[in-house]
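In what follows, structures are represented as structure tokens.
Shared between the two complexes below is chain A, which has chain B as its partner in the first and chain C in the second.
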Partner chain A sequence: MLRTAAPYLRFFLILWIVVTVVFISLRLAPGDPAVLLLGPTAGRQDVAENLADIRERYGLDRPMIVQYGIYLTDIVTGDLGNSNRSDRPVIGLIATAAPVTINLILLSILVAIPIAVFLGMTAARYRNSPYDITVRGVATLAMAIPSFWIGLLFLNFFAISTIWLPASGYAPLSEDPLGFLRHMLLPVTTLAIYLVGTLTRFVYTETADTLEQDYITVSRAMGIRPRSLLFRFAARNSLTPMIIVVGVEIGTLIGGAVIVEEVFGLPGLGRLLLNAVLGRDYPLVQGCVLAITVAVILLNLLAEFIYRRLNPQAAE
Partner chain B sequence: MHMYRPIKVASVAGFVACALGMSAPAAWADESTLTVALSGDIDNFDPATNQLIAFQAAIATTVFDSLVGYDADLNVVPRLAETYEVNEDASVFTFDLVDGATFHNGEAVDAAAVISSLQRSAELGGVFGGPLQAVTSFDAPDADTVVLTLNASYAPFLTALTNVAILAPSSYENAVSTPIGSGPFVFESWTPNDSIVLSRNEDYWGAKPAYGQLVFKPIPDPQVALTNLYAGEVDVVAEPSTAVVAQTDEGRAQIIRPSASNSVVYIEMMGTKGTLANVHLRRALAHAFDREAVKAVAYGGQGDSVPSPLPTSSFVYADLEGFPFDLDKAREEFAASGAAEGIEVDLEVLAGFPEAEQMGRIWQASLAQVGIKLNVVVSELSVWLDRYVSRNYDMTWNFFGVSPDPHSFFDVIMRPHLEGEYQNQEVVDLVRQGIETSDMDERKAIYTQLQEIVVADLPVMAVQSRPIASIASNSVEGFAMNPLGWPLYKGVSKSE
Partner chain C sequence: MSSLLHVENLGVTFETAEAPVHAVVEASMTIEPGQRVGLIGESGSGKSVLARAFMQLDSRRVTRFASGSRIDLDGRDVLSLPESDLHHLRGDVVSMVFQNPMHSLNPSFKIGTQLRSVLQAHRKISRRDATGRIVDALKAVDLPGAEQLVHRYPHELSGGQRQRVLIAMAILCEPKLIIADEPTSALDVTAQDTVLEIMIRLSDEQNIAVLMITHDMGVAARFCEVVNVMYGGRIVETADVRTLFSRPAHPYTAALLAATPDPARAEQEFRAIPGTQQSRLGVSSLACAFVERCPFAQDVCRNAPDMVPLGETHKAACHFAGELPLDRATPSP
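== the complex of A and B ==
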């Protein structure tokens, strides 16, 4: 009984910690949301009443512990509140922005996995060859280069110097599939480069280990062709753990998406969150972080689940 | 591939128009969209509370009408008020409303609606609503006439009304998210960080815009915005940085400048910290401020660098000597102030304005020779604003678009200082006299005196006027900016 409940407890514990940390750090950061809303003249005596009204409307005049209690109660009842700045429901703002980020991350993963699998496995097959050394070097470089820098380079070359691709903006897939691809090409490539680096190194290590195992030596002795050996026999063992790695990387990818969305002007969750932080829009920041946390935890649980299905040994 | 798309669309539209035997540009323009790049997103759509210049130009003057408005040179012109009358001592204002004006939700723009909207602004106060608090009675002798009676003469009242947008009375509750006015454009949608879409008001009482949609796109990087303009994805870049304007290829785009710039940069020197409470110390700082170097380096040689806090285009502008750049005199004033050698002074600067930081660095170098250590503190908006509003600073950089009436400078920039550390009854009295007389010569004398006092006492030091410009594609016609830095979208048309 306790064992089945444990994952759920862990899930809620993590959520509670994240929500609390965000709640407190937002209020410790300098900057008053009500003043930001009214602008430079918020200090005038004739707007004092209006300023007090705004504080009251958003509950900013109450003690922090009371605000926290109300916030937790609202979350439990599924109410994320309205944005302080735009007065719109936080859920709606997140729902509009999320598809952009989901598409960005999903496409990056779909692009990165085949490339990483091919590079990682072939490099492991030809271990210590110049090819292997080049692949590993490039993979390390891809991991190390900050994505904002790659993004700016792409922007400069493909969009500013040549105008081959749009420099910023977004077109929904459902309305304009071609425009969607053109707008997504640079951001997805930017984000995928990091992922290719991480995954290639992972596939490489796993495959190199697998290739040294007894069953591979036996298979090789039986005269199975090297290509089948690599892509059919070794692949299954060395690729299933990648599911877990992709799950873990989701958090990093969302972090990368914040930067990529800002550089390429995509109206996604990352940019929504960034602007909410700058505008001290407490409910929106809290809502975005909550949504991202839930998504990361669920995706990790999903990755774990798939992994166990594919690899029954791990379930024990 | 991308480059061909707009051309293709245009030629198809042209073809259809020819087939129907219509004049091609008109038919095409009718359906066309004017796309404008803004440097930031807009999230609050209530014209009574949002004071951003971008909002004023993009929403407050397109979705909304005011009783009176500005033309491109900031002359007050009729808008919802077809005609208006002011009594001799500027205390009773009578407005005749235009016939047939309706709000976008179908409600009539009558005297009752206008009064309700004005009263809401008065209640909210601030820069826009504040002047309306002087109104003692809002009367509607008939459905088309509004009479406002003030408690005293108030000469700048008409210019103040240009900033007061009239909202549909049923829309107050949702004004932040769903603006409903009577202007030439109807608010359609806002997608955060992506676009704000307005469409032409087909029932507009005045001249309708020549294009069907007005779309604003937030593009924070002005270089990227300019690229989008070259690529045909946007038609206007509304707030480019000075650097990007300088590198614009004038064969591929046009640079639009207003007839003058009323946007003036200030250093406000009197905060609650009291570091610069001594006037000699403020004068030492002023004498160490190299206007020519700042103008050349930080502002690319553009703008008017004068000691007066009012723009040179103002009808009361006074040409004053101030405290010219002279390090010896700066040292004398510093000695007279009695401040300790090596005193540290923080200058608060808002992030995103590299020219302000450059100005700070130039000043820092000269002040070091005087014995004053200047720290340039660059902060993001929320932090800067907190310090600005609480006035918890040694001195702060700021800029403000001075309306054609000089009172706006004293009402907005000087007011917090007069309510705070700068106790000067003479200034308070003069400011009151300035609004109580409508005689132009008298006002000129009053404001000349006020400028002399501000320049001598330096609660606020004027830096210079900001060079303002927009970039428009070559197909855009009739696009202008006013001296406040507002791009004027209404009269624009697009050619092929």
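== the complex of A and C ==
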């Protein structure tokens, strides 16, 4: 009973910790949301009343522990509140921005996995050949180059020096498929480059390790062809753990999405969060972080579930 | 009747970063159809490398075969076969059973899938016929519940069961030769016995020749008709099993037999052979492989001896073959 409940308990524990840490760290950060909201006029004598008004309206004048209590109660009842700055419901803002980020990350993963699997497996098959050394070198480079720099290079080349692709903005897939692709191409490539680097190195290590296992020698001694040995048999052994890695990388990718969305002007969750932080929009920051945390935890649980299904030994 | 396997002057050298390793030197041996042949010797004597060369299992990129080497297997000149033809040989004409059954099956695939992939690599066969053939093979190695076993994963089986699955895999395509590389060393005594029993029966019933690689004298005595003794990369003695155990002609064979613990004389000390095997890194040595450790060594032993024929099947690579006072009763000095 306790064992079956354990993953859910863990889920809620992580959620509570994240929510609390965000709440505390936001309030420890310098900057008064009421002052930021009023803008440059906030220092004037006649708006002091306004300031107090705002504090009262958003509950900022109450003791922090009370704010925390209200905040937790609201989350449990599904109310993330309104944005301090735009006054629109946080849930609505997130719901508008999330598809952009989900598309960005999903496409990056879909692009990166086949490339990484092919490069990693073939490099491991021809270990220490010039091909292998090139692949591993490029993969390390792809991992090491910062996303914002690649993003800016792309922008400069494809959207500024030439005008092949739009420099900024977004078009929803359902309304303008071609525009969607044109807007997504550079951001997806930027994010995928990092992922290809990480995953290629992982697939390479796993495959090289698998190919040295006794059961591969046995299959060879039984006349199984090298191609089927690599892509049918060794593939399952070395690719199953990749699911876990992709799950773990989701967190890193969301971090990457913040930067990529900012560089390419995509109206996604990352950009929403960044602007909320800069404007000390407490409810919006809390809402964004909550949404991202829930997504990361759920996706990792999903990755774990798939891994257990594919790996008969881990299932027990 | 022509031999199933005929190996002549086989030299196997591995190119390493430091220097070449002469793993096997001028080895010659013959296996007749259906014959059970032993290959015994201590660790590092080159037994596995020799046997793996028969199906070219070690990567050809780092393996060099001495000029004049010849391997004839079932009428094929193995050393001149292109890599693409070797796949037809492996698993079909010659298959192999390995030492460690715990690591020899792919943990991610069901037993049935793994066996079927071997069958389908060599035969055009429907899924249903394949399953029938697999169940037959599993029954032939005395595995109960064969129909259910194909749906199991390797980790659900014991070591002895897995080794039997691997033997079933080896006989699946009705090979003419099975190379068994210490198939019992990783098993407990009861499982060892079962596996040997099954292999003897299969060899008899299906006329499959078996090359048994072992360092266990008991296994060799029980299983083999003919035994080859290997030392320092060379085959130093070949004899039918009775002759080898009663009248060894090579000082190494005699010392090896004397080192075998005898339960009837429990009080005796463990008689190890003094010294260690020489490294075969670098230049290939021209001396007799055993010269450093041989109590009878003379000046003439600085030149490698040829195989001296001593009987119909008995021969030994020693300058003094047949002349030395060797038998089991004589402890090695």
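Operating definition for what follows: the second predicted complex is superposed on the first by the 316 of 316 C-alpha atoms of A that agree within 3 Å, B and C clash if a C-alpha of one lies under 4 Å from a C-alpha of the other, contacts with A are read in each partner's own complex, and residues count from 1 in each chain.
Assume a contact is a pair of C-beta atoms (placed from the backbone, for glycine too) under 8 Å apart; a residue touches a chain by one contact, two chains touch by 3 or more.
Treat the numbers as computed from the prediction; the structure is a model and nothing was measured.
Q: If you count the residues of chain A that each partner touches, which comes out higher, chain B or chain C?
A: B
Q: After the superposition on A, what does A:Ile115 contact: first (chain B), second (chain C), both or neither?
A: Neither partner.
Q: Quick check for you: in the superposed arrangement, does A:Arg182 touch first (chain B), second (chain C), both or neither?
A: Only chain B is touched by A:Arg182; chain C is not.
Q: Taking the superposition on A as described, I'd like to know which of chain B and chain C A:Leu301 touches: first, second, both or neither.
A: Neither: A:Leu301 stays clear of chain B and chain C.
Q: Of the partners chain B and chain C, which touch A:Gln313 in the superposed model: first, second, both, neither?
A: second
Q: Quick one: classify A:Ile244 as touching chain B (first), chain C (second), both or neither.
A: neither
Q: Would you sort A:Ala97 into first (chain B), second (chain C), both or neither based on which partner it touches?
A: After superposing on A, A:Ala97 lies in contact with chain B but is clear of chain C.
Q: With the two structures laid over each other on chain A, which partner does A:Ile75 touch: chain B (first), chain C (second), both, or neither?
A: The answer is neither, since A:Ile75 touches no partner chain.
Q: Residues of chain C touching chain A in their complex?
A: 55, 57, 87-92, 95-96, 98, 100, 103-109, 117-118, 121-122, 153, 155, 166, 169-170
Q: List the residues on chain A that touch chain B in their complex, please.
A: Within the complex, chain A contacts chain B at residues 29-32, 35-47, 49-50, 83, 85-88, 93, 96-97, 155, 159-160, 163-170, 182, 262, 265-268, 271-272, 275, 278-280.
Q: Could you list, by residue number, the parts of chain A that touch chain C in their complex?
A: Residues of chain A touching chain C: 213-225, 228, 232-233, 236-237, 240, 310-313.
Q: If you look only at chain B, which of its residues touch chain A in the complex?
A: 2-3, 41, 43-44, 49-52, 124-127, 130, 133, 174, 176-177, 190-194, 217-221, 223-225, 227-228, 230-231, 233, 380-383, 385-386, 388-391, 398, 412, 415-416, 419
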